[in-house]
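A, B and C are the chain letters, set down in written order, and residue numbers restart from 1 in every chain.
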Amino acid sequence: MFKFVKNKINAIKLFSKNNEDSNKEIKVDIKLTTNIDKNISIIKEIMGLNKDFIIREFFLGERKSIRIALFYIDGMVEKTTINQSILKPLMYDVWMIKSDINQNLNTIETIKKTIVSVGDIELESSINLLIESCLTGNTVMLVDKYTEGLVISTAAWVARAIEEPKTEVVVRGPREGFTENITSNTVLIRRKICDPNLIFEAMKIGVRTKTKVAIAYINGIVDKKIVDEVKLRLGRIKIDAVLESGYIEQLIEDAPFSLFTTVGNSEKPDVVAAKMLEGRVAIITDGTPIVLTVPMLFGESFHSSEDYYSRPYYMSFVRIIRYLSLIISIFAPSVFVALTTFHQEVIPTPLFFTMAVAREGTPFPAMLEAFVMIVTFEILREAGVRLPRPVGQAISIVGALVIGEATVQAGIVSSPMVIVVALTAIASFISVVHGDSASILRLIFIIIGGILGAYGITIGLIFVLVHLTSLRSFGIPYFAPFAPFVASDLKDSIIRAPLWLMNRRPYSLRPENSQREKANSLPQKQ
Amino acid sequence: MKYIRKPIKLSIILLALFVLAGCWNSNEMNDLAIVTAFGVDTAEKPDEISLIGQIINIRNIATAEKSAAGGDVFWNVEITGETVFDALRNLTFINNRKAFGHHYQILVVGKEIAEKGVIKDLEHFARDHGDRRTVWVVVADGKAKDVLDVKTELEPINGRYIAQLVEVRTATSKAVGVTFQNFLQRYISKTTSTFASIVRVIKKNGVESLELNGTAVFKKDKLVGELNGKETRGLLFVIDDIKSGIIVVEPENQGKTSLEINKSGTKVTPKITDNGVQMDIEVKLKTYYAGDTEDFFNVTKKEDRELLQLYANKVVKEEIEAAIKKAKSLNTDVFGFGDAVHRKYPKQWKGMESNWDSIFPDIKVSIKVETSIDSSFNITELP
Amino acid sequence: MDIEDQKISGVQLTQLMICFICGSNILLTVSMTVAKQDIWLAILGGVVESLVFAIIYIFITKKYPNKTLIEINDLVFGSFLGKLVSTLYIIFFFLQGSAYLRIITNFFKSQIMPETPMFVLALALLIVCAYAVNKGFEVISRLSMLFLIFLMLEVAFVFVTGYSDMKFKNFLPIFDITMTDFIKSANIIGTTHFGEFVVFLMFFALLNNTSKGKNSNIKIYIISILSGGAILIVISVITIALIGNLAPIDNYPYFQAIRIINVRDILTRFEIITSINILAMVFFKICVYFYATVSGIRKILKLSSQSFLVLPIGIIMINTSLMLFKNPFEVTQFATEIFPLYGLVFEVLFPVLILVITQMKKLFVNR
């Protein structure tokens, strides 16, 4: 039975190899020639019919002998920079240093070093790369008789301002969230961690999109093996487009056949900073506010940044509630089905009578009832998420009326079932990360519970636990600190111990430097 | 795709195996006939027994909650069979749903069958996998059917009513509450005799109602006699199962007055002497003075308290003596004296076990009661 | 990393061994019928007996720290005789695994779902076992602590809720047991609960280097035997205190004892939790035997991989478990009368032989 899983993996490996071959486009690297007209015509040919591709030609020098051409994409550049810092110096201010130009020095060096007043400026000779930089919002300047062009950083476009993220809402804690711009995202992290050991390594992924991806980690804390593994896996990706970090997540995760995700993500800089300080690696992708963090542990999905900002006692209680709600959201309907159809004898007698009264006259078996109700709930939820907000409210009213009132009144569904499904639904909203796997597991468990009762549910539970224990995320056991049991890491799992007790970084992540703070930093009275 | 074909096949086979073969043990709740009480009676044929299952009429309970109208909430099905289990399955001849006995709360044994020996009829209830041994066992004074047929107030389901009747016995401690577990444990112990409460049907102005009154005493599994309320409490004092109760004392020239038992503890110490076996029974009582007197007894005074305590001791001692006397006359060791001797003198016990029946009536008992009055409720003393 | 090369830590092995002992708790009834209220004495006797066994195993694991039982057999008995002994051991492991599969399905069939075919129950459990075995010994041993905590919580919960119903005079009279009965029941406990530790001779080679200290195997054996014995005693105390003289006549006394717990009609009827725990513990027992069988076959045939063995052996195991005994009575009879002697062959005789031959070889070489 397990052979086919192996076969699957092998087949996928094969599959990816084939892809690699097909993606190998034959690219001839065209170099610039000394003839500017020829250069311009080559670039024009490549860029073709693009209306937003601007070519600006002008002359420089006393006798207007030096031909210069500017290329940029309209809308992706900052016009004022081009006007004030490129065109104006070249066309007017150049008279002040005309002597230098006339001295027949290396003109392009002179332009770069003395005339253009823009921060980032580079020399480049390959036309492909020049066009590529043009496409990312830079301005390319070609000078006649030179086989190198200047790439002037002028990128600027309309971007979303830093806002409070919609997904990770906190009562206490910073309100800022990542934006779609990778530069501002790295800045947000840099501002949290003022440490020269904070490293951002850049790379580009995506044959067509050439998406900028940054790997961020803190030297001296992170386990180097993890960083190497991340780089290795990112380097292995050969894909057309990376439109969101989810593409990367699905291509680097450890267990592609698992229901559980082994890559974490966050939209908040403080969360990402905290995870990096525990010894994780962050993967920042351009064009999305979602930053990936690896390795991910199972328990991580129950953590919220607020847990650490508020006092520990209530937050420990909240943690327990979160674990409980995941258990409820997966098992409540199946356990209910198993109890009402297999193990009626274990329901306390008074409750049993009440349930029997409610159940009388309902036409469907409990398993089917639960299944239909859960599916109905999923439909309502999906409708609520996708629809515009005003309509969404209407959906919830209809859902509440249809499910809650009418079905029970009509005697189609028993009222305890409605209560159980409602509880499941509410509980499922608490664990966002495992919400998707919980939804599927819930349905599977309803079927198992309806066929084999508590025996089946136990077997299924053991199966899930074995699976969770066998998972690894970038070499780190996924189900730590529960299995393998790491006692010292339990401080930050089902409970959240006071900060002055958590003076060591999680042992499960094997950080290079595990000391977080002074061993005894309990607040002292003076 | 090739590599996905095999798991699909396998999962289809597995799914088919589990789904098509059916959900073996599943019973929908609305396919069950919920039994709240079982009764066993003698049948007309001598080698058969008659089983009464009290089935709840869920539909009527459901309507009764919504509107006042509605039929009976329970339905007593009587069926005969050669054994209890045979009869239990025969129930499906006249009842459309499978009898579901895992939630029954009371086991009523008819008097006739109890006199003939009851364990072979109750054994099934200990063996069946879903049945619980925490149900109450009661003996009907007459037919079990008559007891189960009575319509009761406040709790319309008769079986639950009887169970609750047994549960509130502690207010008086003049009736016993015996679970099936206790019943079996006493039966298995070679010398101890088992007992159970008696439920009677009383008729007043043509309306039938139920009454818990007295204790039925078994020798092995045969009903041999009864203890009245006073003797029952004596028995409960000895086996240390008193929770509460009222002791009525009557000091000379002062009328009746009552004490409520708050706490009671009994120590039974066996002694083997040259004259035979002697049991030392030591009862320690804590009571509240409950009044009911013409001239308010002044329990704040030490002399008055001591007087009351003295009389209370006497009452308790009398009750215990009455119980022992009755038990000796029936030659039933309801107190578990045999077990007590076994625990203390395991070596001597080996010789005594087989002829305990001849030893028990000659057991000497010394009773020591100590009562204390700890409270007088709202009233302290008169000026 | 290859599944067969996984390493485990000493703590994990200890946890797994405790789970392994608790997997036999379902068989408590066997010795309880003999020892009655003095069962705790019998358990103490069993613990002492198993400590004696443990000395043998400790010596063996010390002599051959990096060898599994199969390799030790080859070294000690020579290649042909060693193979024979190893085959016997593999059959023993396989039959034990099948027997426990049968015991747990019997339990569920008789107590919880009487109409479900035994084959289905066995199949469902074995699918999970096969999955776990396929995932490797590391996963099995890592998971054990989680279930051990479940078990302890459950026992503590039962103790607290059942305390008001417990009658500790049920233990009187103490020492009301004949010597033969005591030895018999102690031997049953020693051989079934603890003696099956012989299977772990297969796994001591998997210990990682940090756990291969000088006396780590002594620690592992002593701690797991003592804590397993403690859990066993607590469970039997709960049982006897709750149901007293009914315990020896019940098929599953601990399970029956939990059924009578009733706190105000609400904290009641939670025996299903107990059955889940029993199932989880037996799961470990079957997994360990299953893994021992599979890896034993791999070692003896010198195969490079073992995952392809899991499915066929699992299927044979299901069928064996169904055919091994005709009915539950035979299981009890086997556990009471046959196993205490049959088990000793594998638990004591061969290990002692291994030790003796090793010592003699040493003498011979020295001379």
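The definition used in the following text is that a residue touches a chain if its C-beta (ideal position, glycine included) is under 8 Å from a C-beta of that chain, and two chains touch if they have at least 3 such contacts.
In this text, all values refer to a predicted model and were calculated from it rather than measured experimentally.
Trainee: Graph of touching chains, which shape: line, ring, star, complete, other?
Mentor: complete
Trainee: Comparing the two chain pairs, does B-C have more C-beta contacts than A-C, or is it the other way round?
Mentor: Between the two chain pairs, A-C has more contacting C-beta pairs.
Trainee: Using mean Cα positions, find the chain sitting nearest the overall protein centre.
Mentor: Most central by this criterion: C.
Trainee: Would you mind pulling out the distance in Å between where the CA atoms of subunit A average out and where those of subunit B do?
Mentor: Once rounded, the distance between the two centres reads 66 Å.
Trainee: Please compute the C-alpha centroid of subunit A, do the same for subunit C, then give the distance between them in whole Å.
Mentor: 46
Trainee: Please tell me the distance, in whole Å, between the geometric centres of subunit B and subunit C computed from their C-alpha atoms.
Mentor: For subunit B versus subunit C, the centre distance works out to 41 Å.
Trainee: Of all the residues in subunit A, which ones touch at least 2 other chains?
Mentor: Within subunit A, the residues that touch at least two other chains are 1, 342, 345, 349, 452-453.
Trainee: Which subunit B residues reach two or more other chains?
Mentor: Each of 18, 25, 132 in subunit B touches at least two other chains.
Trainee: Scan subunit C for residues touching two or more other chains and write them down.
Mentor: Counting only residues that touch two or more other chains, subunit C contributes 112-113, 116, 120, 269.
Trainee: Which residues of subunit A touch subunit C in their complex?
Mentor: 1-3, 6, 342-343, 345-350, 452-456, 458-459, 462-463, 465-467, 469-470, 477, 479, 482-485
Trainee: Can you name the residues of subunit B that touch subunit A in the complex?
Mentor: 1-4, 6-7, 10, 18-19, 23, 25-30, 32, 34, 56, 58-59, 61-62, 65, 100, 102-103, 105, 130, 132
Trainee: Could you please specify the touching residues of subunit C with respect to subunit B in the complex?
Mentor: On the subunit C side, the touching residues are 110-117, 120, 123, 169, 172-173, 175-176, 243-246, 249, 256, 259-260, 262, 269.
Trainee: Okay, in this complex, where on subunit B does subunit C touch?
Mentor: Within the complex, subunit B contacts subunit C at residues 17-18, 21, 24-25, 129, 132-134, 179, 181, 184-185, 188-189, 342-344, 346.
Trainee: Where on subunit C is subunit A touching in the complex?
Mentor: That would be residues 9, 11-12, 15, 108, 112-113, 116, 120-121, 124-125, 127-128, 130-132, 134-136, 139-140, 142-143, 145-146, 265-266, 268-272, 275-276, 279-280, 283, 307-308, 310-311 of subunit C.
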